[in-house]
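Dumping the structure here so I can ask a few things about it.
The letters A, B, C and D name the chains in turn, as written, and every chain counts its residues from 1.
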Amino acid sequence: MVGPTASLSNLSRADGSASFKCPTTGCSVLGSVNAPIELPARRDALKPEEATVEVFVKPGNTTAGVGERYVEGILRTMLQKVILGRERGFARRGVVITLAIIGGDAVERGDSYLTLLPALLQTALLALLSAAVPMSMTFSTALLAVTKSGDIISDPSPVDAKTASSLHVLAFSSKGHLLLNESQGRFDFDTWEFVRERAYSTCRGAVVAGSDGDIAMDEEGEEGRADGFIRETVEDHLHRDYAWKIDSA
Amino acid sequence: MSKEASLSVAEREFILEALRQDSRLDGRRADQFRPLNISFGEEYGHVKLELGKTRIIVRISSEVTKPRDDRPFDGLFNINLELSAMGSPAWENGRTNELEAYVTHVLDSVIRRSNALDTESLCILKGVSCWSIRADVHIIDYDGNITDAACIAIMTGLQHFRRPDAVVRDGQVVVYGVEERVPVALNITHKPLSITFNTFNEGHNVILDSTRKEEQASEGELVIGINNGGDVCFMSKFSGAPIDAMEVVTQSKVALDKVKEINAQIEKVMQTDLAKRAKKGMAEESRATNDREI
Amino acid sequence: MSAPLILLPGDEVLRDHLPSNNSNPLKLGPGLRLLSQPSSKSKAGNHVLTATQAGLVTTDAKRNTVSILSFSNRRYIPTVNDLVIAQIHHSSIDYFHCMVTPHTAHALLGQLSFEGATKKTRPMLKQGELVYARVLSIGVGAGAEVELTCVNPATGKSEPGGLGPLVGGMVFDVSTGMAARLLRASSSSSEQSDTIDGLTVVSELGKKLESLGGFELAVGRNGKVWVDCSNAGDSAIKATIAIGRCLQTTDEKNLNPADQKKLVTRTLREMNLAS
Amino acid sequence: MATPAATAAPSVPPSLSLPPSQFARLQPHAYLLAHLCPPSASNQPSIRANGRAPSQFRVTSANAGSLTHTNGSAVVRIGDTAAVCGVRAELLHTEDIASWSVSQASGSNKRRRLADLGGKPSEEEDDEDTEEDRAHIEDLNLLVPNLSLSTGCAPGFIPGAAPSALAQSLSHQILSLLHSTRLVRADDLRVWYQPPNLGPEEPERHNEDEPMDMDAEQSATAEEKPREIKAFWVLYIDIMIISLAGNPFDAAWAAVLAALRDTKLPKAWWDVDNETIVCSDSVADARKLSLRGLPVSSSFGVFEADAAAGWRAHVIPDVTEQEQKGKKGSPERWILADPDGYEEGLIQERASIVVDKEKDGKTTIVRMEKNGGWTVDTEDLRQLVEISGRRWDEMKRILDQC
């Protein structure tokens, strides 16, 4: 299977930027971060002690609607928790995150945004790293579908996602916490527990044995794991940026 | 703060003085465009354009809708431009600004209202269904001259785009998937582009394709929309210092040469890309037949 | 030195990566913070150093500092003692209000914070003019204002660094990472080596343009470089453009020293400045 | 910490204390904490500042059919949060739907337009064939919810402002839940027409227009003409939050549910002579919607004892450490069901669960969300699902009575 691809700091005007492409959904997202900057129009809405996180999702070939406002809310709630908005220079300023969906199909009105959510979250994280916005931790995400016959598939294709009986997006912090869960469809709690276990291993590579006693997951290398992917992307970029320093050392 | 930070005195004076000596900061001649780089995404009509550090993505999309009641024979075509904080920190998300309104107006006039895309060819069934074509323009990096760059990107996208084939059978419109019937190119009547001129030093210096800093130091702007045949479809001397009337005539000639040059480049990259796609498509087809044989 | 250590936010900096000089307190650069371990099982007062930004850990054993080198395109955040190039936005009775980075709150520069300035001799700076200044304080708490100065408070002089209004010349934008490198390169004594922090472009330009009368350079940590070649007479404009292009190209393409030399030669030839 | 003690035992007020109402406003976090974690000396139980137990919902009431000019309506109050929902049905002729006359040729199963439904008369009985339901309701946008936070429902909602991000986001959540639960059946919204079998006259009429081909002759004589859909009912579901005191989604969704249960669509048929749809104005002819299940939403918020835990210079413990710690000692957080406005201001981490119960009493989760923090995980969610199940029983009783 072809993994996702990403690159960092590809824009020149924004303080930080990243692009992310997911081969299974065909969706590619470009993200930019401007921080810390003044948000003059919202001065009265700013929190005095912390940075205000603003997320803007721009669909590729339609006009933004209620679905975008909703997914922006999810992203903002989640990112606010990992951004250290009280670090020097950030209080009372804005962290403006703009995400444009530049490839793949648009989400139609009332459709679930869950299939795009992981790509949006990963792009936002990479762009925040690229802008050097202080954060307490990083995270990784997984999208899973449970089929009508009860199988769990990671990274379902758009067709699989549409016919699935339930869809789940989970995000785990770099310390293993469940940061986000968005589940939709019809399922029971036991199914969700399997989904969580599977998501944890795609995000962080688990050594947990299946509860029904079947094969224990092999401890894979960081390759293929969602958190390893983020780390590699950052390392590759920094190695290139600081070649003058690393080579001379 | 929806405006770019103003230039410092040093920058403004230097740019003006350099122009007096026929020099630009990036070493270009006055009538020279920055390196133009056009590439395509996976889908038809997905254009990535770089003009120096200005970068634009255009996506063309189509869907079947009902035509307007007063134009039952016409399809729909819209250009959609929204400036977001991605292109420049000066632009606020979700708020329109003057630049957005101005550029939208120019693009609309040069491309849509000059009927570059033949909307009558988008009609499927009179008064019942037609194609609606939509061009979404994303400015992802702003370093001046987004009008010309967006124009080039949209026109490239329209020429590159392929919509699904549709036929009317027994009053039913049948839309064919891309894998069933070769998708159809849009009907382009002519290829207009806009060329923006900026003037400096009381009209002594006129340059093309200004960067953001040059735009800020400029005293006036002239936009000419013109096609390969030399038909002017748009002309705007919107604001700033006055320009000698004869200058407009001479610059129209410059614009014509530029448009021809750029259109030739568009044609070249497009043919290369389409040839590549055809080759890939053939390879896939032969693979499919091989699979069947096995 | 071991393999380069690249951290992500939340990663711990292990002790063996820190300078082992125990006599001085360890100084932390940006991108790091010291966290106390609240867990009761370990000893009280146990501290852990963690990263808050993604970057390369660098240590300076001499000055006993540790910091994170992050992405070079990031926005500048004022830090005390940094040299910056600020642009006057407007002035009030006591202060000049200056722009250090676009779209952030203005920094304050006292009307009298210049060498030898009195009520009568203070410079009358207008909107858009530039000053080379040092960050004096960044304030505390929310809504803190950054204050700049063009004079060394200890000596009353504009030294070191040649603080004060920048007249004429041209400013070029570079990344904040490049600005930091240029500053380090210019502060080290030039006799040591031509290449400092992987940069040779400035000394190369200096050699090649010496015949034209040389040039003046002021680097602001906020990603600005001021260049003045007024000694070069008729070639002043061209020389300035050449310097700007060399610096920006080196920055954008992340050139190595050999390519920097080639770039300088090529650019000067293109501009007809080759001596 | 003299003040919390004072609120706990107001009979002996120390001289320098604040009245509880002021303390609540000045130090909201400490105030709520003092209630949930009373000093062990005073034998106060742990209780929320509003007097509820952590897993207790506010008093809920529902009243259906309160608006006369709608096809269905309801008012739901959960504590001081009140939502009104009105359902208005409008007819949409198939000839006005641009995509109706379009059929995708085979192969692309992405968006199946089922234009020739009449060809499969079996689908009517087949309840499980929900794909067509989905296609009609979602692709043709037959359900149009719109939520507004009315002026003055809470301080800060001023007249004339554009729909807030919160209102837009709630609208989307309601629409998305209507779609994913498939609550409304597409067949309830279809207006069918059965062309009469004209017998031998028909071929003659055809002959006048065009020469008959074999196919048409066969189909005309073989069996009666297939039924066709002439129009759809579009349901405009307008929700107004008239008072916002926390947890708007549960109230809004309950109002939508109650209003849809109340909705009656008039009998409608195709009038061949006038080529239009005619509706009966007799109340007796109107029929109710047959909804699929009864999904009930329950929202929760997490109140953390240490308000500053997120940014304080402490190491955020790993999951494993956290688990070890959680087992001993006092809880450092409380999961509060149905948070009110005061509590919402002190909460970052939230969870929202929508469940339905089948006839055998088995709980099915329809939606489960958690966001904004890192304390809630599997064990908590399991408990929350249980609480949501109990809430379902309660809501069913309330909705059945209204």
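Heads up, the rule we're going with is that a residue touches a chain if its C-beta (ideal position, glycine included) is under 8 Å from a C-beta of that chain, and two chains touch if they have at least 3 such contacts.
Source: prediction; values computed, not measured.
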More contacts between chains, B-C or A-C: A-C
By C-alpha centroids, what is the most central chain here? A
Among the chains here, which has the CA centroid at the largest distance from chain C's centroid? D
Report, in whole Å, the distance between the mean C-alpha point of chain A and the mean C-alpha point of chain C. 33
Cα centre of chain B to Cα centre of chain C, whole Å, reads 39
Roughly how far is chain A from chain D, going centre to centre by Cα mean, in whole Å? 26
Whole-Å gap between the CA centroids of chain C and chain D: 55
Residues in chain D with touches to at least two other chains are numbered 316-317
Touching two or more other chains - residues of chain A: 12, 15, 34, 37-38, 84, 136-137, 173, 175
So which stretches of chain C touch two or more other chains? 10, 33, 103
Residue numbers of chain B touching chain A in their complex, please. 1, 41-43, 46, 53, 55, 57, 59-61, 80, 82, 84-89, 92-95, 134, 136, 138, 140-143
Chain B contact footprint on chain D (complex, rising order): 95-99, 101-108, 115
In their shared complex, chain B is touched by residues of chain C numbered 87, 99, 102-103, 126-130, 166, 168-171, 226, 237-238, 240-241, 244-245, 270-271
Contact footprint of chain C on chain B as seen in their complex: 1, 4-14, 17-18, 21, 23, 25-27, 89-90
Which of the residues in chain A come into contact with chain C in the complex? 8-9, 12, 15-16, 34-38, 48-49, 82, 84, 87-89, 91-93, 129-138, 173-175, 230-231, 234-235, 237-246, 248-249
